[in-house]
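The following pair of complexes shares a single chain, chain A, combined with chain B in the former and chain C in the latter.
Now for the complex of A and B:
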């Protein structure tokens, strides 16, 4: 084993025997690299880049599947219609509201869960992790139905259990009002996705050196001081990545809203608007324009996060 | 470490119960609903007054059988195939990224990242139109292909993270012994890499199993409609009856595989999720 030369170490004095095959191998490695990675790369492009380019093209036409022969080029007309429509801005507002509130709540709740898992006694650690993975693995639609039936005025028990809370009585129909509907939608989303954020935070927490916190404790720092001055600053990268990923995920929210209200009572989100326009109403041109705008929103969020908050996605996700 | 005192034990017991309640209560809620008879649904109580399996009978052997069982078959088949293809492609790709030196490595990882944050609904409209033209609408391949946009990127990231931790000296040793790069990969590395590949497969399967957007947009009949989409289209025994019980029973049945996988592979799933996501 002592004679093995690592190909990555640019062996200064590796000797003649190693130098010659090295360059040949580098060439072979390059070919093999693309041979192995190429298919995955091509498939990824084929299933995303191609459709979004197609959507960009379709969005320039007035094109309905119900009247395909009337298809005509209208330039940016569809975008003009959407961006001057109240519905787009209302849906954008609802989507952003859901994104901001769920991410904030999930960050706090997820951090608490991460702390619990981090400090848990060995005897309960496995149990806690197993339990927490159930919401992560469960189908979003199933989660939506579970929350929907619990709150529903007919089949639910929440009104019955919480009738002592001001504003809740047996006749409260949660899904007939904007705020009450959004409350249940967000609760279901938070329940389902907090485990993911807490696992990301747990990994960040594990990377904070124990010596640092112990030293701070010896120096007489309170729990709060240790948290805010030692632990949190040291896991900033993990927190940023978790927030960005969850924010982008929350921004695409669809399943919960579709199941619970289908966008009624002002709870429509952007994904649902895109779905209704193209799949339900078969307005491919207009639907494509909504899709492209949604895509641009996601790019904007990414851009803001990376430029303004300096989130190092690639580094944090392990390409170092 | 101090020995855990009684007080500490009690504290942890309380915390554990709270976490368990948080994680399992909604599941318990729909489980309870699935055992309620239609007449029992509006009592406003958590538990059924009389436990009944009528909902399970309806979806497994009764009227809703065709709808549910076909969607279950579709879900299992489509999710497994999409997982398999993604894991095979990702294994080759992640091996190249973790092990070989070639230009474009970083671009591939960035692409995977970009694809994983892509808004699914943005791809649905063009696919819907294209699939109708070329005959893939409402077929298995019509879902398997777009599912790769969900399963492939995370598989590449997770596997690349796993593969970086493998002791590659073994491969070099094999090569010194005269094996080609490919042989070294197959004989020395595959057995070591198998656990990571398996974990990745579970995570990819969860994601494919969870899909709803593609499922409702790209299918129209029982030929390819997966369970989440079928749940949204369930109807009651008569048009005046809510399908609450049937949906709850179906929801429980499709949750069983998830719970089993989580129970069996908790440790692997946690390490897969955290490694692929944060650590290098």
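Now for the complex of A and C:
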């Protein structure tokens, strides 16, 4: 996951080496490196860089797929329309809300699961890890359908099973209201991706040296003190990486919303807006502009995380 | 084609049998190859059904005497996704789009940029005889036939005889929306309507507005920026009144806001069922559910049908029109053969067979003369009458924007306000069409 980031020490060595001529062996290694990485690099350019550039270019046009002759250059006109439109800001709000709530809940649940996995007896550890990982192995569309059918008023069982909970009765139509729909969407997202976050946190937990916690224990620290003064500070890097990865993923949420409400009743997210504009409406220009803005939002989240919160991607790997 | 080399006998004990098999296989493969090479293959993109279109493709392939071979290729489930796939392929000049099953509202969008091959005059003449008016209108763009009508669909008013009787409603006479709303309310039952935010909402609103003597778009052939809507009108207000009342008074049941055609049928079949507007597929579906033992056989006896409800007691109804037309892609390698195949597909015999096996009503009135139809669909005459009265949805290249704009403002039904919704919808759709607003 963090293979793209090299520890800083390697960087300085490479810098020093650059001044000296390469030996035959170093040249050979470099050539081998390029030969090994080259094809992947070309594929990456073709499937990532090219569409991004094309989308950026298309976003400057008023271009509808079914009216190719009417295509005209309008500069940043599409961006003007989008950024002054209520729909964009509402969808951004919904997306951010889903991102923030799911990441926080996943972090808490994921940490609890990581602790359970960490402390579990050796005999049940394998079974426990497999059980916790099952939701993560399910295809998102399949899990979205499963949750949809469970809560749907016509086919679901949730209303009948949980009618003793205040607010839930057999006539509750979960997908007819904004908040009830968002609840199901977020619940299914949390169920599906908590295992991922717990795995990342488990790796972080494993890095905390046992001597530290033991020493703290000998010094008379309570469980809470050991957790907040020893364990958590020592796994900050792992936590931040988990938060960043999940936040980026959650921000691009699509499948759950698409399957459950298709954006109805104020549950639309930005990815769905981009999809509906370019694919359903066939407005290639406007749709590209939405996609470019979505891309900029993702870059912004990365920037904030790495620069402001100083997430150290290498730290999570234990290569520090 | 040296295929037989692969079957070289390795087992020395049975060389003759293997050699014979090899020769037979080789001959089959060779004949298969030569046939495939000489007979052009037409690809027919079909919407999902119960296998009726594939059966027609086989029959027409056999009838062609080796002139062409039709292969079917399945499109996605819902109409919007079918449109997305076809529009993208047509825009990219995909030559495999020989024959396409098209939903009529999306035809202008494909016809306007020239994505469809022109219908030859003689084919147009032969395939439009005895076709119901609504289906014919849906096959045209700017007064020119751009597709060939295949089957035509319409909604009926289905009712539970026991409920209508208890409410004292005479179903032999035309009924109005107000009457069925009152009847359902008085019997504490639910109405089967489609309140979901989806194409079915546009179908409903269009039928209400057309029945009230109005139109969603007044100048459907105009360019995007000049389109004028007819929502802010007496007909638009009346339509909003009906949708709003059903939503606010809970007449559509608790699931109304997410209810599509299938779930309104399930509601209708249940204890709370009273009246329902829906397509004829509900008849074979209910019958097979009874046969499978999941529904009470007495239910069938309790189901009646009549024309779509009126908005005003003294004005005729304008039921929804659906169905499928057949178009040929402009980039097709065999447009002439494709039209020849289409003539075979839409023959009255095939339409009648398709109705009986798959429940999709013919667009050609001649097909209704097949005696088997009356037996399988006792309501065939009502369907035919409904088709004659039906009104298509707005025919414009911007149908998708109009339809989705409408759905966003009219769903869920309880949010509709007759005083403001028609005006808000108009402003919103026009802003989207001018490119000033996101949809």
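The rule is simple: the second predicted complex is superposed on the first by the 291 of 320 C-alpha atoms of A that agree within 3 Å, B and C clash if a C-alpha of one lies under 4 Å from a C-alpha of the other, contacts with A are read in each partner's own complex, and residues count from 1 in each chain.
The criterion applied here is as follows: contacts are C-beta pairs under 8 Å (C-beta built on N, C-alpha and C of every residue); 3 or more make two chains touch, one makes a residue touch a chain.
None of the values given here were measured: they were computed from a predicted structure.
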*Return first, second, both or neither, reflecting whether A:66 touches chain B, chain C, both chains, or no partner chain.*
second
*Which partner does A:281 reach: the first (chain B), the second (chain C), both, or neither?*
second
*Pick one for A:300: touches chain B only (first), chain C only (second), both, or neither.*
neither
*May I ask you to decide whether A:154 touches chain B, chain C, both, or neither, giving the answer as first, second, both or neither?*
both
*By residue count, is chain A touched more by chain B or by chain C?*
B
*When the two structures are overlaid on chain A, which partner does A:264 contact: first (chain B), second (chain C), both, or neither?*
second
*Give one of first, second, both or neither to describe whether A:215 is in contact with chain B, with chain C, with both, or with none.*
neither
_In the overlaid three-chain picture, which partner chain does A:171 touch, first (chain B) or second (chain C), both, or neither?_
second
*Which superposed partner A:85 touches (first chain B, second chain C, both, neither)*: second
*For A:44, decide between first (touching chain B), second (touching chain C), both and neither.*
first
*Is there a shared patch on chain A that both chain B and chain C touch, and which residues make it up?*
65, 154, 170, 279
*Which residues, counting only chain A, touch chain C once they are in their complex?*
62, 65-69, 81-82, 85, 87-88, 152-154, 170-173, 175-176, 262, 264-265, 273, 276-277, 279-282, 286, 290
_chain A contact footprint on chain C (complex, rising order)_ = 80, 84, 87-88, 91, 109-110, 112-113, 115, 197-198, 254-259, 263, 266, 397, 400-401, 404, 411-412, 435-439
*Inside the complex, what are the residues of chain B that reach chain A?*
4, 8-9, 12, 15-16, 19-20, 22-24, 26-27, 29-30, 33, 41-42, 44-46, 89-90, 92-93, 95-97, 100-106, 108-115, 117-130, 132, 145-146, 148-149, 152-153, 156-157, 160-161, 164, 169, 172-173, 176, 181-182, 206, 209-210, 212-213, 216-217, 227-228, 231-232, 242, 244, 247-248, 251, 254-255, 258-259, 261-263, 266-267, 269-270, 273-280
*Residues of chain A touching chain B in their complex?*
1, 4, 6-8, 26, 28-30, 32-37, 39-41, 43-45, 47-48, 50-52, 54-55, 58, 65, 113, 116, 120-121, 124, 126-143, 145-147, 149-150, 154-157, 159-161, 170, 188, 191, 195-196, 199-200, 202-204, 207, 238, 241, 245, 248, 251-252, 254-255, 258-259, 271, 274-275, 278-279, 284, 287-288, 291-292, 294-295, 298, 302, 313-320
